[in-house]
Structure formats: C-alpha cells, structure tokens
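Next come two complexes, and both contain subunit A; in the first it sits with subunit B, in the second with subunit C.
Then we have the complex of A and B:
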C-alpha cells in the first residue's frame, strides 16, 4: 500500500495521510465492544447486548463469551460486563465505543500489541512492512487465509508491477486504471468514495475573500471528467453523498467573474502538493491554471505553504465520526452534536479554510484467485485460480 | 423517521418548509431526483410535498423552492432549499430504512393474550374472578364465565358521543368507576347494580385528551418514570419533562398511546405503540427512557390493526386494537415476560 504506518496501536497518533489505511486495517486486529455495519448502524461486536440500569445511572454491556486474545488467554472482564455511565444519549455512547480508541488492546511486556481480532500482528517493521497472521482462536471463526503480508510506502506504479510479476496478490490502483487492468485479467474491487481531495489553507494569512475567490475559480467538472476520467464525484462538501445524502447542497459551480472581483489586487499564494502522486500532481497543475484565469497567482512550493492540495480519508461509515476525524485532521473545531450534521459540516466549510474538490473511491486490482477483497476477515484464495496471474 | 413512507416524509418536510414562507408568498417547486426512484414515485413525493405547501389566493410573491430526493447509507433524504433572492434556507427530512435492530436484553419480551372481541368500539376492559366488564361506546356490559363461555348478564348504559371516544374503567372489589369525556361515574355491581355520574374526571369533555390536576400542556397520554414525565402532545411528538416539570426533550416515533408499567423488569419502563399513518398494523414495544431519549428494550409485538386504547393494568397493560380485516375491536392483555 502507499501509506506507511509506524504502528497499528489504536492509541498512537497517526499521520493524517495514513489515517485511511489505519482505519481499514485496525478492525482486523483490534476489536471494540460495538462496530458499525454497512448502513452505519451500531452492531454487537465484543459486547453482545446492552441494558440501562436506571437506579445506578449506567449502561451495562454484556461481554461476549469465549473470546480469546491473540496470546490464547481469555478476554473476560470482571463480572462479564462493562459499565458505562449514562451521561450522554445512547447513540453517542455507542458511537464513542465503536472508535478505535476504545478497542480492546493489551500491551505485552515485550512491547507487542495483543488484540482479539481475526488477525494478530506477527511482525511490524515500522513504515516498511508487516505480517498479520490468522488468529486460530478467533471467536467468529478462523480467517480463511493463513496470513496477510503488507508492503508499505509502495507507489502505485510499483504495486502494479508487483502484481504483474506475481510478487503480490493485491495492489492499490487508480479507478481510471480499473478497465485496463480488468482487460488484462485482474480482479477489481472498489469502495464508495473514501477520500476527498481538498485544498487546505495552512495559515490564517490569506484574507477570507481570497480564499472564497480560489474556491470559485476551480473547475471541478473538468478535473473530474478529464483528469480523473469521471471516476470521482465533484463536490464542495467534505462528506460524500453516500454518507451524508446532502453533498449537493454545497455550491460547487465555477464563477470566474466573481472570483476575479474578489481576488483583485490580492497577493500570490504559496501552493504545495505531492508532485510524486499520480492524482495530486495533475489536479494541482490544473488548479494553478484555473486560479490564474481568475487572476490568482499560485506559487509552487515543496515546503511550507499557504494552501496545500491533499487527500482527506473518510474513516468511518458513521457520518459523525467521519466528520469529527476530518475536523481533527484539519485542526478545526466542530460544533456540538446537538447542532445537526449538516449544520456542523457547514460550520467547518464556512470561511473557506478548506475547499473540497472531488470525492474518490478506493480501488484494488487482485490476482484471479483472490475473493472478498477488501474485507480482510473474509478474504480467501480460490485454489482453482491460485496460480492465475493478471 | 423509521417506518415513515416517502410521502409522509415529504409532508413533514413541507410543514417545516412553510415556516420559511411569509403569508403572501407562493412557492414554486422544482424537483430533482438523485435516486433510483421511478418518475412516477418521485412525482408522488413531489405531489405530497406541494399539497401541504399549497397556498390559496393569487399571490404574486413567488418563492423558488427546490425539492431534492437524495439518499445515503441509512435511507432516503429529502432536502428542500428555499430561495429568497441571494439568501437560501435549507430543511431536511430523513426517511430511514428499517434499522438493523439493536440488541435487546436477552429474554425480555412483550406478550399478548386476546381477551375479548366485539363490533362496538371497546374503551376499556377489566376482569375479576369469573366476571368481565367491558366499557364500550354504549356503556358497561358485565359478563360471567359459564362453562368456558362468557355470557352477558348485565348492561349499564353510559353512552359516549365523542369523536374518537375514550373511556377508563376501574374495578375496586364490588364497586367501579367509569371515566368518560367530561364525566365520572361511580357505581356498584354486587350485590346490586347502581350508577351515579358527575361532571369532571380524567378525560376532557367532548375531546379525546386527558385532564390533570397540575397545569400541563394538552396531551393524549401521560406516563411517569422515576425521573421523568412523558406527555403525548398535540404536535404528534412525545415531550419529556424533568422531575420539576421543566421540558428537557421531545422525540418522534411513538404513537399517542403509551403507558408506564410497574413491577418486575418492566418497572419504570414504558409500553408504547408505533406511529401508524393509515391502514396498517400497529405494534407495542417496551422502552426505557435514558438521558431523556427512548431506548428500545424488546422486539415489537405486532397487531392486525391500529391500537385504539392502551391503559396500564395490574398485571401489565390492556390494549384495544381495531382489526383492519374484520373491522372488529379486540382487547388484549399485555404482559412483559422477564425471561431468565
């Protein structure tokens, strides 16, 4: 994978660029009392049920029986229950308990991390590679595959070469390459939009009107239709429509005339993006052209910048958690949950400190033998196709 | 809301949209459909929306309103954008798919047992030994169980001519109390039958709402838990008040009938009917109220029609249902099985 993770410890800080990869891998190793299903609804995981104890003002979660940690010892909370104070509405409590920060993790004496998930960490070479081995005593049944080897920090082109040469069973790809690779015999798996390309202002030096001008200057439709070959969803929203339902409410139309008015006599902006990234580079170049058409000068930089083009991951199928994580990555304050999701997202977008551009799906190419990717707990290899190559 | 149709959602959205329209303003609605809904279905949604928004008169102040039918992983989302010049207001309404059911405590279930059915609307019913008393819109009928059959052995006329009639029957030994809208009657049934009525009581005269000794908003149902007071109020929502009567929350999803239960695992918990928007069966669910919000504790107990009455009783509750297929009224004894 492209991302590099120093550690899979749920309690460790993570580079925002690796948050998406971390959100995907964590549940395979560390589990929580509650998890979200495909509809974003909380479901039992290590807790099988929960009941309110009105007298003592608490929620009592019943621990699942017969759960073994990766080292073979039983996970058995005292009394078979976990108690949580009822100081918030239940949906907020369940949402919190589903977060990685509430995963069941044991730190062994040798520094290794022990969880209850379908895979255990057999080896972790920080930011380079890792091996996850099947947990034979997993409560929901041993995974089908014996292990998953992960190489980190691999560029997309290198991953594709690894796939073609048989060095890997799975490679991350750009969605626009899916058709080409499918014609070569690869299996293709894709998710709904799980990342948002956005411009983020990294300091408060730029006046509001200049930020708004930049937002109005961008031609999202051309970026999506030409550069991304219609694989994304142009949007001025942080959350994709499959998650919020209302992304279209945020205006994404280009207005060069208005942008010119707002940007008149404005100073240049220092603009940065990863020039090695096959998506960010052409999009960044197009943004610079769009901006210049509105009289906004973007000066390239590889270091500190006024505005940066980045990819923001969608970390959860729960819209609130996804929005909270985005706010944390952007170092912006989120209004309280009582204000409503749309109002909270509107508040983040107010002032144009962040300008969302396009939502993109994640995609992988696999050898013909791989089945049920990217659901790690369920993935298996079809032995009849085990030797098939793309 | 769960269980609501798209057209119901459109009507609810239209009601919240009207607050953005001044009296002389006339809405012009444009619809966008971003979902796989057919044109016919989308047109029905638009029609339901517009019917509630429709204004009479030849108002010249036209306000553009865009209705968008969208969706997300939880279901449909209806969005109304109201444009006044350069200003825009936004209202939304979620119409949820059936949620994945949150786990209920193991073993707690709502059970029902059919006690009686008849064609006249049943208002309340009480059982004592081998006698059954049925309060309906014509009065109180007394039945005696003979050879496993109920034989009617007496009738006390006490007609109720209110639209959506309600009534309450309490038995205390050989005497009883009947509550009808604006009237309270006291009587005896053993050894002789007698009845005397006065004005006043728990049911509002000529209405289907409840009275109370303390000043409360108009309500259809009332329930008290250890910390809260719940009222089914005129806006269709359930309002929660704290121990000193301060409003703390309001939520949707319950019908206008609910009852606080006593005893066992049901103590301090509420039995509530689901909202029914027409000719479909209601259900009863046991809820906890935690942090001023309902928490479902049991799977629904389903019925063949709408619940027309729900009263707490000594052993649980008494529910009356109008069977859609037969048109007859059915009285059920409702209990909570605590399992284990």
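Then we have the complex of A and C:
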C-alpha cells in the first residue's frame, strides 16, 4: 500500500495521509464492543447486547463469551458485563464505543499490542512492512488465510508491477485505472466511496464571494467522467451518499456566468496540491483551468497557499463519526450532535471554507485467486493453481 | 609668452591638429566600413533564420502528419483512449505541443496541457478550413497557452483521416534553433519571445534589461529597429543590435535580435587612435626639436638684439651684436650695430657740442661776473689818475675812496673765483649716521623769521637714519632753500617736508613763487645755468652733485605761476653705517 504506518496502536496519533489505511487495517486486529455495518447501523461485536436505563445514563454491555486475545488468554470482563454509568445521558455512547480509539487493546510486557481481532500483529517493521498472522482462536472463526504480508510506502506503479510479476496478490490502484486493469485480467475490488476530494481554504483572506465563485466554476462532472474515468461520485457534500443519503441536496452544478460575476476583479489565489499524487495533480490542473474560465487566477504553489486540494478519508461507516473526523481534519468546529447530521454538514460547508468535489472509492487490483477483498477477515484464496497473474 | 614658446606651441598644435584630423577621418571611415559589413552580416543572419524556420516548419509538418495518420488519433477521436493519450504521441514525435481537436477546435486530447480537454484551441487557428486546405497550410508561429503562461512555437496543423479531427503540433523556438544558424564570429542571435522570454544559443539570457528598450521599440512600431547596447563600462563591450519583428497574422510573436560585437571595431579604432597619438606625439617631439633648432636660429639673434637694446638703454652704447646669418635677422643685427655706432658718434658729437656750449656758457658767465667788478675798478683807477692832477688833499680823499672801492671789488672778484673754485673742488662725501628729520630741522632753523616769507615745516613721524655727509647735505638743502626764497621776492610760503618712501626718505622744498617753464626745469641742474640775474648757476648743480654722491636723486615739479617743488630722495640703507 502507498501509506506508511509507524504503528497500528489505536491510541496513537496518525498521519492524516494514512488515516484511510489505518481505518481499514485496525478492525482486522483490534475490535470494539460495537461496530457499524455498511448502513451505519450499530452491530454487536465484542459486546453481544446492551441495555440502558430510561435516561440513557447507565449502560450495560454484555461481553461476548469465548473471546481469546491474540496471546491465547481469554478476554472476560468481570461478571461478563461492562457497565458505563454516568450522571449525564449518553445517547451517543454506541458511536463512541465504535471508534477505534475505544478498541480492546492489551499492552504486553514486551510492548507489543494484543487485540482480539481475526489477525494478530506478527511483525511490524517501522513504516516499511508488516505481517498479520491469522488468529487461530478468533471468536468468529479463524481467517481463511494464514497471514497477510503488507508492504508499505509502495508507489502505485511499483505495486502494479509487483502484481503483474506475481510478487503480490493485491495492489492498491487508482480508481481511474480500474477499467484498464480489468481489461488486463486483474480482479478489481472497491469499497464504497471512502475518500473525498475537496478544496480547502487555509486562511480567511479570501472573501466569501470568491470562494463561492471558485465552487461554482468547477466542472465536477467532467473531472469525474474524464480524469477519474467515472469511478467517483461528483458531489458538493463532505459525506458520500452511501453514508449520509442526502449528498445530492448540496448543489454541485457548474455556473460559470455566476462565478464570473462573483469573481470580478478578484485577486489571484495561491493554489497548492500534491503534484506527485496521480489523482490530485490532474484534478488540480483541471480546477485551475475551470477557475481561469471564470476569471479566477489560481497560482500554483508548493508552499503556503490560500486554497489547497486535498483528499479527506472517510474514517468510519458512521456518518457522525466520519463527519466529526472530517471536521477535525479541516480544523472546523462542528455543531453539537443535538442538531441533525444534515444541519451539521451544512454548517461545515457554509461559507465555502471547504468545497467538496468528488467522492472516491478505495480500489485494489487482485489476482484471480483472491476472493472477498478487502474485508480481511473474510479474504480467501481459491487455490495455488488458481492464483494466476492478472 | 616668449616668441620661442609661441613658436613651439604653434608647432605642437599644428602637428597635433593635423594628426587628430587624420585620425578622426580614418576612424570615421573605419566605422562606416564596419557598419556596412555589419549590415550585410545581419541581413545574412536574418535570411539564414528564415530559411532555418522554413526547414523546421517542413520537418514539423511531417511529424504532425505522422501523428494525424496514427491509430492513436483514431482512438482519441473515438473516445477509446484516455484524455492524455496525446502525450505519448507528442513524445514519440518529439513535439513540444500537441492538441487533437474537433473540427470546431474543441480540444479532445492535449499533450502539453492534458486537463484542457473540452476547451477551445486558441492558437490563432481559424476553424472551418477544409482538410485539403489544412494539408496545404505551411507552418506558422503561434502563441501557445500553458498553465504557467504562454510560449511561442512553430506550429503546424494537419487533418486526421476522414476530417474528424485536426492535429495541431508545435515545437518551441529554442536555443537549438539559434545554434543551428551558423553565426559568424563576433555575432550572435537572440530571440525574444512573447510574453517575456529572451534566449540565445546557450539558453535563457540573464541581465537582459538593457535590451528591453529595443524590444519595446520593435513591439511598439512593429518594424525593424536598431540600438547599441553597452554591457559594461568598457566601450569594447558594446554590441550593435538589429531587432526584427516576428509577426504572425497581425500578432507579434517575438523579436529576433541580431547582435554584432563592436569589440573588433573598437579595438581597431583604439589602435588607430593610439597610432594617431604616437604619430602625433612623435610629430610634436620632432616639431619641438625642429622648433628648438629653428628658434635657436631665429630667437637667439633676436635675444642678442634684445640684450643689446637693453645694454644701450642702460647706457652701454658700445654694445655690438654678433650675428653670422645673412637673412633678415642678420640684416636686423647689422642695422642694430650700425645704430649703436651712430648713437656713439652722435653722443660724442653731442658731448663735444655740450662741452663747447658749457665753455661758452662759462666764458659768458665769467665775462658777466668779471665785467661787473672790472667796470668800478676801471672807473676808480681813472678817478685816481684824474685826481693826481688835482690837489693833494683831493687826491688823498679820492685815493682813500678809490682804494676802498678797489679792495671791495677785488674782494668781490675773489669771492667769484672762490665759488668756481669750490664747485671745481667738490670733495668726496664723508658718510656718517644722520637723522634726516634732525638735519632738515637744523637747516631750516637758519631761515626762520625772514618776512615776508613764512616757513612751514612738516616732518614725517619717526627717525630716518641714513648714511650721509651732513655738511654736504646741509649745503645742498640750503641751496634749495635759498633758491626758494629768491623765487619769492614779494613773499610767500616756504614749505619744507619729509616723508617716507619705499626704502628711503624724501625731502621736499616747495615755494609759492612764479614757477618754472618746462624748458627751465629741463636745464635747471646744468652747471652755470641760472634764471637769476645775480646767480652763478652752480647752486643746483652742487645739489645734484651731492645727491648723486649719496646715491639719491633730485627732481623738480613746477608750473609757471604755481611755484616749484624740489624733491630729494635718499636711500635708507647705504653702506655699513646703517
């Protein structure tokens, strides 16, 4: 994978660039009491059930039985239950407990991290590679594969070559390359949209109208159709539609005439993006072209900037958690949870401090033998004979 | 300024001026010759540039045709290829710019700016031209929009098979183009490309600010223009530039700058100037030597003549000038020598005449002086002879009276003889320290209280010590005082004064008498000349003699009716006494 992770410790701070990879790997090693399904609904994990009082101040979680830690010792909370009493109502406790930072983690004497997930950390070699071995005593059954070898910090082109030469079974790919690789015989696996490309204004020097003009000048549809080979989801919302269900409400249509009107006599904006990133670079260039058509000059820079094109990972299948993480990454304050999700996201987008562009799935190319990727606990290989080159 | 200096200066200026004129003429001719050569070389360079541009245009059209006929364009137009497919084709054909566009010029795929698909190509290309016409179109210059600005390129457009698309390729006007021109030594070609690129055969040109005025002039006028740029303080760093506008369809794409180094010209001019300086210097040196020799020939006799004239003016009338030449200077010297000979002869004659006149005057004066006592002597003796015939008592009385008269007149004669004798025997002065004021005060005291003449004494403050013979000086001053009193028989004011003059003291004696005529003033100091009936004419002569012996001078200022003023000027320093 492209990302490099120093550690898989759920409590450690992570590089924002590696948040997506971390969110994907963590559940394979560490589990929480509750987790969210594809629809964002809480599902039992290490807790099989839970009850609370009428005021939602006292919560009692029933611990799953026969859960073994990676070192073979049983995980058995006292009395088989976990009580969370508080003098305040805790309506969002399930969401909080589903966060990776609330995973069950045991710190061994040798410093290693022990969890209850389907894989244990057999080796973690800095930011270069890691090996996850199957946890034989996993409560939901041992994974099909014995181990997963992960090479970190690998460029996409190198990963593709590794896949073609049979050095790996799975390689990260750009969504826009999915069609090309599929034509070459590779298996393509993709998540729902787990990444949001967005323009973020890094200071308040730019007036609101100029930010709005920039938002109106961008041709999201063409970016998705041509640059991303229709693999993304053009949107003016932060959360993808599968997560929030309302992303289409935010207007993403282009209006160059209005943008020109708003941007009249506007000063140039310093525009930055990662020029080495194969997705961000063309999208950034296209945004500059679109903006220029509307009379907005974006001057490319690699240093401090007025506006920056970045990729924001969707860190959770829970919309609130994902939105909170997005707000934290954007250093924006989120309205209290008492307001609705839509209102909260609208508040974030109000003022065009952040301009979402496209939601992108995470995609992998696999050999023909790999099945059920990317859910690591369910992944299995057909057979050695079936492991063919793409 | 001496004649010699003038002559040398004139010679030097003449030589220097002549050399400067010749040098200037040669420099101007050289510069014109260089300018003609430069013009020819620059025109050749421009022709070469145009030919090179045409050759590159033909090469470009071949490459673009290959792209247009490739399967890649078919894939691009059919939507099978990705949006940046043109990049591979541009790379394969070494094209810097490549757009595959629809007939309405909408970009399908762009090599140099891949994300610009969907926008119109704006390379100054007219849409709607038939494929046949595009095939016949030659390459042209165009301004290519880029993400970071614009670039000027040589561009060619060719239709894809079936006319579904147009392939427009371009190559930058780069240093290689200039390098291939085969530029003559001492020349270079620069290319300014809109909006602000300046390159030469080595790459971007640094410090091009000095060329900006020429470029701006060409941009403004749209015509050729020339300028000379001096890159550094030395004139040899100067470069003459001809700016040629490169326009396409009314748009200025760039300016070709053909530069010629002025180093060779400057070096040659400097060499000419140095030769001129050396020739001029040598000419001046030779001129100085020749002038020196000439002036020796000319001015030396003149200087001898001048020295002789000064000697003559100083009284040496025997001076002779030795001149060996037989030219005008020789004639002048001969004339000078003849003049001095004549002057000596005339002087001798004048002295002789003056002596004769002096003797005559002396004889006249002696006769006059002696005649007066002789007549009473004659009368007295005749009376004595007649009285002899009378009685003894009468004779005795006449005898007593006669002898008394005879003695008186004889005494008078002795006095006259003594005066002449005194003047003839004027002794040498015996110098001593004398205070002039004190001496004047002492002399004037003898002449006080003689009405109707009043004496006014006005002495300068201080003491004026001189070396003088006080007796002689008193006598001289006394003579002047007596003369002044004699000049005022009806009374008047006798004004005696001393005053300080430079290195000396002046004693002046002025009267308010009848005054003297200029002729009288001129002859006053001549011995035996007098304006008085009873004078001997020796008083002022004695005064002059005394003053001269004291290394001073005596002068008179007078006008008839206004009195006379005699002045004695004596030096303060004289001998070892002071």
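Basically, the second predicted complex is superposed on the first by the 375 of 390 C-alpha atoms of A that agree within 3 Å, B and C clash if a C-alpha of one lies under 4 Å from a C-alpha of the other, contacts with A are read in each partner's own complex, and residues count from 1 in each chain.
Following the convention adopted for this analysis, contacts are C-beta pairs under 8 Å (C-beta built on N, C-alpha and C of every residue); 3 or more make two chains touch, one makes a residue touch a chain.
Remember, predicted model here, so these are calculated numbers, not experimental data.
**Student:** With the two complexes overlaid on their shared chain, look at subunit A and say whether subunit B and subunit C clash or fit.
**Tutor:** fit
**Student:** Touch test for A:226: subunit B only (first), subunit C only (second), both, or neither?
**Tutor:** second
**Student:** Based on the superposed arrangement, let me know which partner A:286 touches: subunit B (first), subunit C (second), both, or neither?
**Tutor:** second
**Student:** Looking at A:129, would you say it contacts subunit B, subunit C, both, or neither? Reply first, second, both or neither.
**Tutor:** In the superposed model, A:129 contacts neither subunit B nor subunit C.
**Student:** In the superposed arrangement, does A:300 touch subunit B (first), subunit C (second), both or neither?
**Tutor:** A:300 sits against subunit C, while subunit B stays out of touch.
**Student:** Looking at A:4, would you say it contacts subunit B, subunit C, both, or neither? Reply first, second, both or neither.
**Tutor:** In the superposed model, A:4 contacts neither subunit B nor subunit C.
**Student:** Name the chain, either subunit B or subunit C, that contacts more residues of subunit A.
**Tutor:** B
**Student:** Mind working out whether A:191 is in touch with subunit B, subunit C, both or neither, as first, second, both or neither?
**Tutor:** Touch partners of A:191: none, neither subunit B nor subunit C.
**Student:** Is A:266 contacted by the first partner subunit B, the second partner subunit C, both or neither?
**Tutor:** After superposing on A, A:266 lies clear of both subunit B and subunit C.
**Student:** State whether A:246 touches subunit B only (first), subunit C only (second), both chains, or neither.
**Tutor:** Only subunit B is touched by A:246; subunit C is not.
**Student:** If you stack the two complexes on chain A, which partner ends up touching A:43: first (subunit B), second (subunit C), both, or neither?
**Tutor:** A:43 sits against subunit B, while subunit C stays out of touch.
**Student:** Can you give the closest approach of subunit B to subunit C, taken over C-alpha atoms and in whole Å, for the superposition?
**Tutor:** Result, nearest C-alpha distance in the overlay: 27 Å.
**Student:** Okay, in this complex, where on subunit C does subunit A touch?
**Tutor:** Touch list, subunit C to subunit A: 82-84, 113-119, 147-148.
**Student:** In the complex of these two chains, what residues of subunit A are touching subunit B?
**Tutor:** By the definition above, subunit A touches subunit B via 37-44, 48-52, 54, 59, 62, 86-90, 241-246, 248-249, 317, 319, 342.
**Student:** Write out the stretch or stretches of subunit A touching subunit C in their complex.
**Tutor:** Answer in residue numbers: 219, 222, 226-227, 229, 282, 285-286, 288-289, 293, 300.
**Student:** Which part of subunit B faces subunit A closely enough to touch in the complex?
**Tutor:** 34, 68, 70-74, 76-77, 79, 81, 90, 92, 94, 97, 99-100, 102-106, 225-227, 268, 288, 290-293, 295, 297
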